[in-house]
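In what follows, chain A forms one complex with chain B and a second complex with chain C.
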Partner chain A sequence: MSVKNVLAVALGILSAIGGFVDIGDLVFNTQAGATFGYQLLWVVVVGVVGIIVYSEMCGRVAAVAKRPVFDLVRERVGFGAGLGTLIASQIVNLMTCAAEVGGVAICLQLLAGLPYRALIPLAVVALVLSAWVLPFEWIERVFGYLGLGLLVFAVAAIKLHPDWGRVAHGFVPGHHVGGSLLVYLYFVVGLLGAAMTPYEVYFYSSGAVEDGWGLKELGLNKVTSMIGYGLGGFLSFSLMIVAGVLFLPQKIDPQFLGTPPLAAADTLGQVGLLLALVGILFAVGGAAIETSFSGAYNTAQFFGWRWGKKERPAAASRFTLTWVVIFALALLVVMTGYDPVKLTEYSVIFSVVALPLTYLPILLVANDRTYMGSNVNGRLANVLGVLYFIVIIAIAVAAIPLLIVTNGGQG
Partner chain B sequence: MSAPSHTSGALVALVALALLAASCGGAGTLSAKSLSQESKSLQSLASEGALLGWNAHAGRTTRIFTRVHSEELYKAASKAATSLRAAKTEPKLEPKLRNLTYLAGKVSADLKRLGHASKTEQALLAHELELAARTLE
Partner chain C sequence: MSKHAEVDIALGILDHQLVDSNGINCGKVDDLELTGLDTDSPEVVEILVGGNAWRTRGLLWRLAARLAGDAVHVPWSEVESVSSVVKLKRPASELRLDRGDPRWSRLVGKVPGS
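Now for the complex of A and B:
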């Protein structure tokens, strides 16, 4: 591999790390840390391995079959079931996009002090303009690199001097201490859902098709998904550790997007606070663009429209109109005044419910020699793929009952 | 065609049910469990306000952040205070409800002042909020 290629992979990995955390990770990791300390760190590991397995399969299918997720969903499960999957995915996409837009407006408010309601349309206009003007790679890079401001939480986690023995113990599943079992299980489901967000995978595989990935990109696919998501998981660990050290002893239940940056301020002062706010702003902003594009990709791929960010907007008019409409609907949802943090909790839980619908077709196609030839799942990919399908089914069944019984994790 | 439309219908119904269940609550007759939950949530707001106050006093936050975040905390505490004032409970829990209503009012007033307080006041308010959080334990 040449130096240029290594640099390209490194830059891709950096943007993947910065783009890993979205509002769902922020909310669930800090709430889990503030409620159970480090005891749920193992769930982040399970979630990160899950998203690696899922995205590696999607990337491989995109590179070999040259077809993205929803094209295959429709072919594999038929129009009716495919349409049901599309509708469920779009509802979750819209909820997530609205939560991310609300998150951007809150960050801007915490930075600039302007009224929240005025900042919502401003945030949407800025996001639509960025998505319209910036090329695909630049969207990933600008939002991914500036999202690296979130690394401030890793520094804060170290500076807070956690009991590393107990942190290590958190990576081993076992009996929990404090809180009820149902709340513990609610956070298990929420953390898995926050780590395995389907829109990231739709975006990733559609991007691979747009970039014209072929067989020689299979290695890049493995490296990007394993290292990018793997290292991105460290940000989730950091958020949980910080919340476990700082919020748990003071019995602070983080219900606001301003709470995690307060931890950065407590440890690293104003510089830490500003880095955290900028990191959250761009991580959440990038995720808003990804969700709107994912919605447009899904719809266009399902109905066979011309699609792609690299197409001129007029050439792929229905695709372009779809992502603009998703932003417009997200704007309306946030303008109702519904709390973006609550919306995030619901969007993560409902994304868990919809996850098996898109995961299964990909698992089947990745095992199908007529599509994949010799690049079908190997033994390890199959064992993990099936294992995660079982996990996904279990959490999909448990998600809504746990949401209701625990009153959204409040006990 | 019928299976997927049943699935979609069931999903929509579940979503509506979950949102309804989660948004229920507020004023009315409070049980011991509801009072305990209100107390926990107020304690969290008071503790977070104290953390914000101490950090603001130490110059570790920006003025804008302090103002905006304390305003958010104030809104939540004020909502809790309003709902507690209108709430009823069984006779043996009345003293607890009265105490909680008083503390909710105190916490919400402190949080309101925190956003525009001077450095000296910030320390004082942080101390008061810390005391309120301890009382709520």
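Now for the complex of A and C:
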């Protein structure tokens, strides 16, 4: 591999790390840490391996068969169930987009000190403009790289000198201490949902098709999904560890998005606070664009429209209008004043319900030789794929009952 | 295309992407018109796209199909090849499959940079 290629891969990985964490991970990882300390770290590992398995699979399908996820959904589960999946995924995309927009406005508020309500439209205008003006690669890069500000949480986690023995213990599932079993299970579902959000595979596979991936990119696909998402998982660990050290003993419930950055301020002063806020701003802003695009990708792919950021907006006019409309609707949702953190919790839990019908077609097509030729799933991908599919079905069934019974993790 | 190619109609053609001769997406195979079902060699004669091609897809869609108007009928002879997509021999405009985006492109086209 040439130096230029290595650089390209490294940059791709960096933007994947910065792009891994969104408002769902921020909310669930810090709340889980504040409630159960390090005891749920193992769930993050399970979730990260899951997203690696399925994004590698859908990236491979995109590279070999040139088909993005929602093409597969319609081809494999048919019109009726496909339409059901489309509607469910659109509701979740919209909720997630709204939550991320709310997150952007909160960060701007903390940075600029202006009123939250006034900053919401500003946030939406800035995001729509960025999505309109920047080429596809630059959206990924700008938001991905600046999202790396979140690495302050990794530094903070180390500087806080957690009891590393207990941290290590958290990577092994076992009896939990403190809190009820149902709340513990609610966080298991939420953390898995936050790590495996469906929009990540929609965006990843459509992005691969947009980038014109072919057989040459199969290696890049493996590296980006494994290392990018794998290292992204470290940010999730850091958030949970920081919350476990700082918030659990004080009984602080991080019900406000401004709470996690305080952890960075506590250990790294003003610079830490600033980096944390900028990191969250861009990680969450990038996710807002990804969710709005995912909504447009899904609709266009279900109905067979022209789609893609690389198309002229007027040529793929229905695709363009769809993502703009999603932003407009997200604006309306956030302007109602509904708490973005609550919205995030609901969006993650509902996204879990949409997971099975998103992942099943990927698994089926990745095994279909008429699409994949010799690049069908190997044994490892199939064993993990089936195993995770069973996990996904279990959490999809449990998600909403747990949300109701635990009153959103409040116990 | 070769009449001897083995393709599972339900899995390999129905609900697949239609791509025109310029490589542009132009709808999905929403339904298929078959003849000779009572004979030994049933044949696909037409692809139905959009509009009332959805009429067979349930109650709600019968209503939507009524509102959406007629489906576009594409003769099977216009099919160039079937892979993971159904590739057509001619540009979408010649097959009346280009009705969606132009309708909205005047609106989107007003924005700078479009």
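Methods note: the second predicted complex is superposed on the first by the 411 of 411 C-alpha atoms of A that agree within 3 Å, B and C clash if a C-alpha of one lies under 4 Å from a C-alpha of the other, contacts with A are read in each partner's own complex, and residues count from 1 in each chain.
We adopt the following convention: contacts are C-beta pairs under 8 Å (C-beta built on N, C-alpha and C of every residue); 3 or more make two chains touch, one makes a residue touch a chain.
Fair warning: this is a prediction, and the values are worked out from it, not measured in the lab.
Quick one: classify A:G337 as touching chain B (first), chain C (second), both or neither.
After superposing on A, A:G337 lies clear of both chain B and chain C.
Where does A:G214 make contact in the superposed view: on chain B (first), on chain C (second), on both, or on neither?
A:G214: touches no partner chain.
Tell me which partner touches more residues of chain A in the superposed arrangement, chain B or chain C.
The partner with more contacted residues on chain A is B.
Touch check for A:A314: first (chain B), second (chain C), both, or neither?
In the superposed model, A:A314 contacts chain C only, not chain B.
Looking at A:G178, would you say it contacts chain B, chain C, both, or neither? Reply first, second, both or neither.
Touch partners of A:G178: none, neither chain B nor chain C.
State whether A:I400 touches chain B only (first), chain C only (second), both chains, or neither.
first
Between chain B and chain C, whom does A:G373 touch in the aligned arrangement: first, second, both, or neither?
Once the two structures are laid over each other on A, A:G373 reaches no partner at all.
For A:G80, is the partner it touches chain B (first), chain C (second), both, or none of the two (neither)?
Both partners.
Scan A:Q255 for contacts with chain B and chain C and give back first, second, both or neither.
So A:Q255 only meets chain B here.
Of the residues on chain A, which ones does chain B touch that chain C also touches?
The answer is residues 80 of chain A.
Over in the complex, which chain A residues touch chain C? Could you list them?
Per the stated touch rule, the residues are 65-67, 71, 74-75, 78-80, 82, 132-133, 300, 302-307, 312-318, 320-321, 370-371.
Taking the complex as given, what residues does chain B use to touch chain A?
Residues 1, 3-5, 7-8, 11, 14-15, 17-19, 21-22, 25, 37, 40-41, 43-44, 47-48, 50-52, 55, 59-62, 64-65, 67-69, 72-73, 76, 133, 137 of chain B touch chain A in their complex.
For a test of understanding, state which residues of chain C touch chain A in their complex under the given definition.
11-12, 15-18, 24-28, 30, 49, 54, 57-58, 84, 100-105, 107-109, 111, 113-114
Provide the residue numbers of chain A that touch chain B in the complex, in ascending order.
80-81, 83-84, 87-88, 91, 109-113, 246, 250-253, 255-256, 258-259, 261-262, 265-266, 269-270, 272-274, 277, 342, 346, 349-350, 353-354, 400, 403-404, 407-408, 410-411
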